[in-house]
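Have a look at these structures, which come just after this line.
Here chain A shows up in two complexes: once beside chain B, once beside chain C.
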Partner chain A sequence: MSAITNNAFVRWLGSYGLCVTILGGLFLLTALGTWAQAEEGLYAAQTKYFDSFFLTEHIPIFGKTLVVPLPGAVTLMALLAVNLFVGGFVRIRKNKRTFGVLVIHAGIGLLLLAGLVKREAANEGYVRLYEGEQATEYRSYHDWEVCVRELLPKPDQTGLVSGDEWFVDQVVFLGLEGDEVAMVRHPELPFDLHLRHFVPNARVHSEKSRDSSIYPVVDGYRVVPDPVDPEAERNFAALYAEVVAKGAPKDRRGRAGILAAMERYPFTVDQDGRLFAIELRKRRYSMPFTIEQVKFTMEEHPRTRIPSVYSSDILRKDLGAEEGDSVHISMNRPLREDGLVVFQSGYGPKDAPKGTPLFSIFAVVRNPSDRWPEYSCWVIAAGMLIAFGQRLVGYVNRQKRVLREEVTE
Partner chain B sequence: MKFGWQFLMAALLGLFGVLDAPLWAQDSYGESDTAAVAPDRSFSYPEELVHRFQEVPVQEGGRIKPIDTFAGFQLLKFNGRRTLTTHGFALEERLSPAEWLLDCILFPEQAKRYEVFIVQDEAVPQAIGLRLENKKRRDRYSYAELEGVKKTLASRASLAGQKEPGERSRLERQILVLWNNVTEFEDLTRVGAFVGQPLPTTSIPWISEVYGGQDVELPRFLANAQAFRANMQSADDDPQWLAFQEAYATIVGRHRLGLGLFPPTADADPKAPWASWPEISRAALAGEPQAQTFLPLLEAWGGFVAGKTSPEALQTGLQGYLDMVTTRASARGEYDKVASEVSFYRWDFFYRSLYLFVAGFLLVLFSWLGGAQRGQGSWWVRGSWVMTVGGLAMLIAGITYRCVLRDRPPISTLYETILFIAAVIVLLALIMEWLTRERLALAAGSFLGALGMFIAGRYELREAATAGDTMPSLQAVLDTNFWLATHVTTINMGYAAGLLAAGLGHIWLGLYFFQRKAAMNSVNRMMYGVLCFSLLFSVVGTILGGVWANDSWGRFWGWDPKENGALLICIWELMILHARMGGFIRPFGFAIMNVLLGVVVATSWWGVNLLGVGLHSYGFTEGVGFWLMVYFGIEFGVVLLAWIGKLLRGGPPTSAQTA
Partner chain C sequence: MFQPAPPRFQDSPRPSGRPHWARFGWLTAACLLAACSSGDREARFEKRGPTFVGKPDSAVGPVSSSQRFDAQPQNPHGAGGAPHGGRPTVEAFVFDLPETWQRKERTSMRLLNFQIQEREDAYCFLSAMEGEQEMVLLNANRWRRQLGLPEWTQDDLQDVETGLLFGAPAMRVHWEGPFDDGMGGATIPEAGLVGLIAHHQSSLVFLKMVGPKEVVDAEVDHFDAFAASLDFPIAGQDSHPKHQLSFEAPEAWQVQAPRPGRDLGFDVGACDLSVTMLVGNGGGLLANVNRWRGQFSLPPIRANEINTLETFEAMGHSGHWLSLEGPYQGMGTQVLEEDGALEGAIVPLGDHTLFVKLVGPKEAVQNERDNLRVFTQSLHMEGHE
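Then we have the complex of A and B:
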C-alpha cells in the first residue's frame, strides 16, 4: 500500500467509521424527508432534504424552536462516493474473498454516478393532448421561465404570428426579495427587462379589490399572494416586469407589467416599432420529433370506476413532417427515442362523466443515465451472490461438519 | 291526451334521478315493502342447495366471483365473522355466508331481525339515540333495531361524510361504517324484491290493454316495454298514473345499481358488464334492445326466489337459474374459475395453517420444558416439524391457489404480502433449522408463521370493510405480471428475511438473559446469514422497483415515501453489516440492531402507507397506525430492557466468551 493510501486522512476517508456515520446520516435524512412529505408536500420536502447540500431542521422543544443544521442528501452521497472509492476500491484487500464485495461496490458506484448524471443533465416534464392535438415540446412540472416572443404580422396582414423567442431562466428571478431587481439584457432585444417581486403562488386582483398586498399596483392591478401549495404543480407564480429602452437614462422608468402564470394574454410592448409578448410560464423543452395523439383509450374494470387500462395511440413524426410512425404507449410501455422517453402517466379531466372526451398526459424525460440503474442492479446482485454465496457455502460446510461430529460423539 | 314516450321516460327515469344525490339525503326504498309481515323460514336449507347456491356467479368489484365469496365478505364486513348464529327464531342455526344471503334474498323480513351489525363502541348507539337493554359495550344489532333511528343515523353519517377522512373522529368513522353497512344490507334484501309484487297494470286502462287485463310482475312488464311505450297516454297529474309510478319505484328501488347477477349473451361485447335487475329494468324502459336478452335470466331468477315455500321448489328454481346463467357465462368464458373459488374458501388454507403453526410452536416449546428426553430427535420435535411443514404446505398451497384463480404472481395486494412474507419466513427458518438442529429456528419459524397468519386474518377483516374482497381489481399501473413477479416478490423476500432477522435478534437477547453462550453463537451466525439474504433481496428489489418506476412514471427514483421506506431498510442493513465489520458493534449490539430492523421493515411495509402521499396510492392504508405504534412500543421496550439487563449484568459477554 502506498504512502498516500496509508495516510491517516485517506485512511479516515475510507474507514468503516465514516461509512457508518454517512449511512446513519442518510438514514436520518431519509426518515425526516419522508415524514416531511406529508406535511410540506412532496416537491418541497424532496427539494429541502434530498436535493440540497445543507439544510436546517426546526425542532420545537418546550415552546421554543431548536434549529439544527444538517447535511443534505447531495453532500452525504458525495461523501459516500468518496468513502466507497477510497475504502471500497483503493484500500480494500483484493483477493478471492473480497471479489464479490468489489463487484457490489462497483455497482453502487455506478448507481451513484447515475444519480449524479441525472441531477446534472436530466430534465422532465409533461405533454397534455386531446385526440387530434400534437406537440413538439414538453412543459416542466415545477420550473418557470420568462419568454419574450416577437410578434410579426402575417404575410396577408390578417393577424400576428410568433417570431423569434428569448428565454429567461428562473434562476435569474426565483430568489428576488424586497426591492431586488434582476436586469436582463440581450443584444437582439431593443430593451432591457427589469424583473422584480417573484411570488411563487399568487392571483392578480384589481386594486379596488378587498384583497390587498404589499406589491405595487400596475395599470390598476396588483399581485396578491396565496399560500404556497405543498404540491408544487398547483402553484401559479407571478412576477413584475419593467421594459426599459436600451440606453435610456437610469432614472427613467419603463413600461411596467405583471407577468402572471394564470393570465390568458401576455404582457405586450411596442418598442422601436417592434411588437413583443412577454409571459411567465412553465419552462418548456423541445422534442426532436412531434407526437400527435390519434386515439386515447381508457377502460374501467366492469361495474367499478377503477381504470384497468389507459393507453394512447400516437403518431411519432419527424419535425415538420406530415406522415409518421404509429406507436402505442401504455402504462409500463413507454416510447424511447432520440434520448427521450415518453410515458403514459395519466389522463383527465378527473372524474369526468362517461362519454366526455378525455385528454392523455404523457410524462417526458430526457435522462442520459436512463438505463444505468438497471445495469447497476445486475452488477450489485451478481456481487452479492458471489460474496454471500461464498459465506453461505462456508457456513453450510462447517455446519455439516459440526452435525457429523455430534452424531459421531 | 297522448304524450310522447320521452315524457314517460322522463317521468319513469326521473325515479332514478336522485342517483347522484348523497345516499343519506334519501329515505330508504319504498317503505311499503317492509310493512307486510312475511312468514319466517320454516326449514333448514339442504346442504346440496347451499352448495349449488354458492356457485352462482356474480360480477362485483370488477370481477366475476361466486356469490359465496361475495356473501362471505359482506357478512365479514357487517358482522366481523364469517358465520352468524341466529337467536330467538323457530330455527336457531349457525348460518354460513351463503345461508345468510339466501335469507336476505328469500326471507328479508327474517334477515332484518338477525343481529348482524357489529358496533364497536356504545357511543355509536348513544349518538343516534338508540337505547336498548341487554346490549354490551361492543355488541351486534339487527336492522330491525336500527330501523327506528335510521333518520338520525343518516343525518349523523351525512355530517361525518362531509368531513375529510383524516379529520373524522373515531365515532364519526364508526357511524359512517354503520350507515354504509345498513344501506348495503338494504340492497341485499332487495335482490329478489320484484318477486311476488305485481305492478298495478290493471289500474290504468291503456296499460291494462297492453298487459291483457292482468297485474303482471316485473319480467313480464319489461317484456312488453315496447308496447307500453308505444301506448303511453297518461298525464303527470293523473293520480292513478302517479300511483303506478310509485309502485314501480317501490319495486325497483330508487338509487342503487344492484348486484350484477345477469351476464350478457355470448355475442355481446366481451367487455360488456353484467347487469342487475334494476339496470335491466331501466334499459328495457329506455328501449335498449339488449335489455330483452336479459329477461329470460330475470324470469329464471324470479322462479328461484318464488320457490322459497319449500326446499324442493327452491332446489328446482335454483337449478333452472343456474343452468341458464352458467351456460351463458361459460359461453363468454366467464365461469371457469367460479367453482374453484368456492373450493378455495371451503379449504380455508390460511386458518388451517394458523392452527398447524400454533401446534408446531407449542410442540417445540414443550420439547424444551421436558429436558433431554424431549430434545432433538424426540417425538415432540418431530411433531413440531410435521406441524410446521404442514402449515407451510397449507400456506403455499393457498398462495398458489390464489395465483391460479387470479392469473397473477403471488403478490398484488397488501393482504397477499402478509401471506407471502409469512411463507418465506417459515421456509427460511426451516432451512436454518435443518442446518443447525437446535430447535431455535424451528421455534422462530412456527411462531412467526402463526403470527403472520393471525395478522392475515385480521387484515382480511379490514379488507372486507374497505375493498369487499381480498382479490380486488388492480389499478392500471399494477397490471403487469412481470414486475409483480420480479420487483414485488423480491422486495417482499427482503422484508421477510429482515423480520426473521429481527425475530432471531429477540431470541439472541433471550439467550443472553439466560447466558446460553453456545446457542447465542449459533443464533448470531443465523442472524448474519439472514441479514445478508435480506440485504440481497432488499437492494435488488429496491432497484428493480426503480427500474419499474422508470418504465411507468419516467423516473428511476423520486424519493417517494414507499421508495424511501425500501431505501431505509437497505441503509439500515448496510449500517449493521459495516458497523459489525468495523467492530463498532459486538453480538449484543448486532442483536439490538436486528431487533430494530424489524421496526424499519414494519415502517416500510406499513408505516409509509399511512402518510397517504406519493405515487404509490394503490398501497395506502388506514387504520393500522395504532397497532403499528403498539409494535414499535414493544420493540423499543425490548431494546430498553435489554440495555438495562446488560448494565445490571455488567456488560455483554466478550467476543472471546461467545466465540
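Then we have the complex of A and C:
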C-alpha cells in the first residue's frame, strides 16, 4: 500500500463512515424531495433535490424560518463514486478471495455511471398522435427552444411551407434578466438574434390592459408574468427577441418582437428577401425513425369512464420510407430501438364523449444508459455469487477437514 | 459492501483539526461561483431540417401582433402546450364576467368554466350535447341525484321556472342539498345548485353553478346576469363565420333558424340536415370520418382505408361520400335513434372543407339519399366553383 493510499484523507475518502453518511444524506434528500413534490410539483422537486449540487432547505421553527444548506444529490452521488473507487478498488486487498467483492463494486460503479450518463446525455419528451398521424420528433415536456424557421413558397405557389430550422436550447436564454442579452447567430442566417427578458410563465396583453408588468411594450403588447406553476409543463414562457444586423453589438436596436409560447402565430421577419418565422416552443428532438399511429385501443371498466387498458398499434418506419413494421405498444411493453424507448403514457382528450376520436400519448426517452442498470444488476449478482460461493466452498472444505480430523482421532 | 482495509491501517491516527467536510470547501466555493455567474451570452444556432410532429407546422406569412396575441386562450393549460391538452380552440362566446368569477381552463365537456369567489368548491360551467326534449328530465334528475333529492317525473316539469339561454327558453332550477357529483369529486355538505337547461333543435345546453349554499345564494344575481349576457357567436370574432351559400333544395325541406356551428340547416322530414363550412381541413378527413363513425358506434378506420370511401364531387372539388347505419347517439352517450343512418359528404375545398350531414331514422335517410346528392352538388359559394 503506497503512502498516498495510506494518507488519512484518502483513508477517510474510502471509509465506511463516509459511505454511511452519504447514504444517510441520500435518504434524507429522498424524504425531503418526496415531501416537497406535493407542494412544489414533480419537476421542481426533482430539480431542487436530485439534479443539484447544493440546495437550501427552509424549515419553519417557532414562527421563524431556519435556512439549512444541504448538498444536492449530484454532490452526494459524486462523493459516493469517489468513496466507492477509493474504498472499493484502490484500498481493498486484491487477491483471489476479494475478487467477488471487486466484481460487486464494479457493478455498483456501473450503476452510478449509468446515472451520470443519463443526467448528462438523456432527454425525454412526448409525442401525441391521432390515428393516421405520424412523427419523426418528440417534444420536451418542459424545456424550451427558440426556433427560426425559413418559410418557403409551396411548389404550386398556393401558400408557404416550413423549410430548414435553426434553433438554440433554453440554456442560452434561461435566467436572462434586466439588460442581459443572449446574442445568437448562424452563418446561414442573414441576421443575428438578440434575446432578452425570459419569463417562465406569462401571457401577452395589450398595453392598454390593466395588468401591471415591468416588461417593455412592443408593437402595443407586452409580457405579463403569471405565477410559475409547480407542474413545469403547464407553464407558458415568453421572451423578447430583436432581429439585428449580423455582428451587431449588444446595444444595437433592430426589429423587436415578443416570442410567447401561447401565441397563435409566430413572429415573422422578412430579411434580404427571405421570410423567417421565429418562435419560442417546446424543445424538439429528432428520432432516427418515424412512428405512425395506426390504431388506438382503449377499454373502460364496466359502467365507468375509468380506462382498464389502452394501447397503440403503430408502424415503425425508416425515415422517408412508406412501409414499416407493425409494433404494438402498451403500458409495460415499450418500443426500444436505437437508444430510444417509446412508452404508451396516456391518451386524450380527457373526458371525451363516446365516439370522439382519441389521440395517443407516447413518452419518449433517449437514454444511452437505458440498459446499464440491468447489466449492473447482472454484474452485482455475479459478484455476489462468486463472493458467497467462495465463502460456501471454504466453509464446506473446513467442515470436511474437521470431520476428517475427528475420524482420524 | 466494502471489503475492510488491512488492520494495520486502521490503527493509524486520524488527522486532527478541521472536520473532514471542510476539506470540500473549495468544491463548494467553485460551485457557488459557477452558479452565480451571469450576464450577456453568445451562442450559435444549430441547424436541422423541417420538423414534423403529428402534422406539419403551419406556415403562415407575416401577421400583426393583434393576430398573434389577441385570441390567445385566457388560461393556457388547455391550449395544446401540455400533452393532455385538447386541440387549440378559438374563443366562441361573449359574456359579461361577474367580478367574483375567475375564468378557468375549458375541458372537452365544459365549453366555459369558471371558479367563483376563488373557492375550489364553487364553480359554474357551460356545456352542450346533442339530445332531444326528453333528455331535459333525465339531466334534471341527474342533478337532483347529485343533491340527494328525489327524482322528478314529467309532471314536475309543468310548473318549473323558466329562463333564457342563448335566446332559447330554458328550465331554471335552484336546489339545495348535500352535493356529490357521483364521479369521485369533492362533496359539499350543504350545497346550492342553480342551473339552466335549454333544448333547441336537437341540442341541449346546460349552464350550471354549484357551490356551498351561502356562496350560491350570494351569486344568484351574478348567475342570472351572466346567463342573460351569454351570446354566441362573437361578432367580428366568430370562430365559425357564416358563409354565403346558394343551393337548390326540395320544397319539402324546411330551412332551420340559424344555429351555432352551421352554415345551413334543414328539417328533412324526421331527419336533420346540416351544412357546415370550416376553415382549413376542419380537423382532418380521417378524424371527422371516425368522429361520425363513432356516433354510430362503428369502429374507426385507418388512414389507408380512406381511399375505400366513395368519392364524390361538389363545388368543383373531389371529396368523399359516407353512408353509415346503426344506433345513432350524436355527441352524447344516449342513443337518439336506435335504427339510425347517416348520409353525408366531406369535401376539401382547399382553404375550406365542406361538411354535409343528414341523420335520422334509417328509412327516412335512405329515402332522401338521392335528393341529398343533388342538393350537395347544387351548393355554391363564391370563390369556389
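The rule we apply is simple: the second predicted complex is superposed on the first by the 355 of 409 C-alpha atoms of A that agree within 3 Å, B and C clash if a C-alpha of one lies under 4 Å from a C-alpha of the other, contacts with A are read in each partner's own complex, and residues count from 1 in each chain.
The working rule: a residue touches a chain if its C-beta (ideal position, glycine included) is under 8 Å from a C-beta of that chain, and two chains touch if they have at least 3 such contacts.
Small disclaimer: the values here were computed from a predicted structure and weren't measured.
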item	value
Contacts of A:161 with chain B and chain C, given as first, second, both or neither	second
Touching partner for A:388 - first (chain B), second (chain C), both, neither	first
Which superposed partner A:271 touches (first chain B, second chain C, both, neither)	neither
Touch count on chain A, higher of chain B and chain C	C
Which superposed partner A:98 touches (first chain B, second chain C, both, neither)	second
Contacts of A:123 with chain B and chain C, given as first, second, both or neither	neither
First (chain B), second (chain C), both or neither touched by A:213	neither
Partner chain(s) touched by A:34 [first = chain B, second = chain C, both, neither]	first
Chain B versus chain C as contact partner of A:19, first or second or both or neither	both
Intersection of chain A interface sets (partners chain B, chain C)	16, 19, 345
Contact set on chain B toward chain A in their complex	59-63, 257, 260, 271-274, 435-437, 473-477, 479-480, 483, 525, 529, 532-533, 535-536, 539-540, 543-544, 546-548, 550-561, 564-565, 567-568, 571-572, 574-575, 578-579, 581-584, 608, 611-614
Complex contact set, residues of chain A against chain C	1, 6, 8-9, 11-12, 14, 16, 18-19, 53-54, 75, 87-88, 91-93, 98, 101, 104-105, 108, 126-139, 141, 148-149, 151-152, 158-168, 172-173, 175-177, 180-186, 188-189, 193, 203-206, 218-221, 233-234, 236, 250, 257-258, 260-268, 270, 275, 277, 282, 284, 286, 292, 294-295, 305, 345-346, 348-357, 361
Of all residues in chain C, those that touch chain A in their complex	1-3, 5-6, 9, 12-15, 20, 23, 27-28, 31-32, 35, 38-57, 59-73, 76-77, 79, 81-88, 107-109, 129, 183, 284, 286-287, 290-291, 293-295, 297, 300, 302-303, 329, 331-333, 350
Sites on chain A touched by chain B in the complex	15-17, 19-20, 23-24, 26-27, 30-31, 33-35, 37-38, 41-42, 46, 49-50, 111, 114-115, 118, 124, 299-304, 306-310, 331-334, 341, 343, 345, 363-365, 367, 370, 373-374, 376-377, 380-381, 384-385, 388, 391-392, 395-396, 399, 403
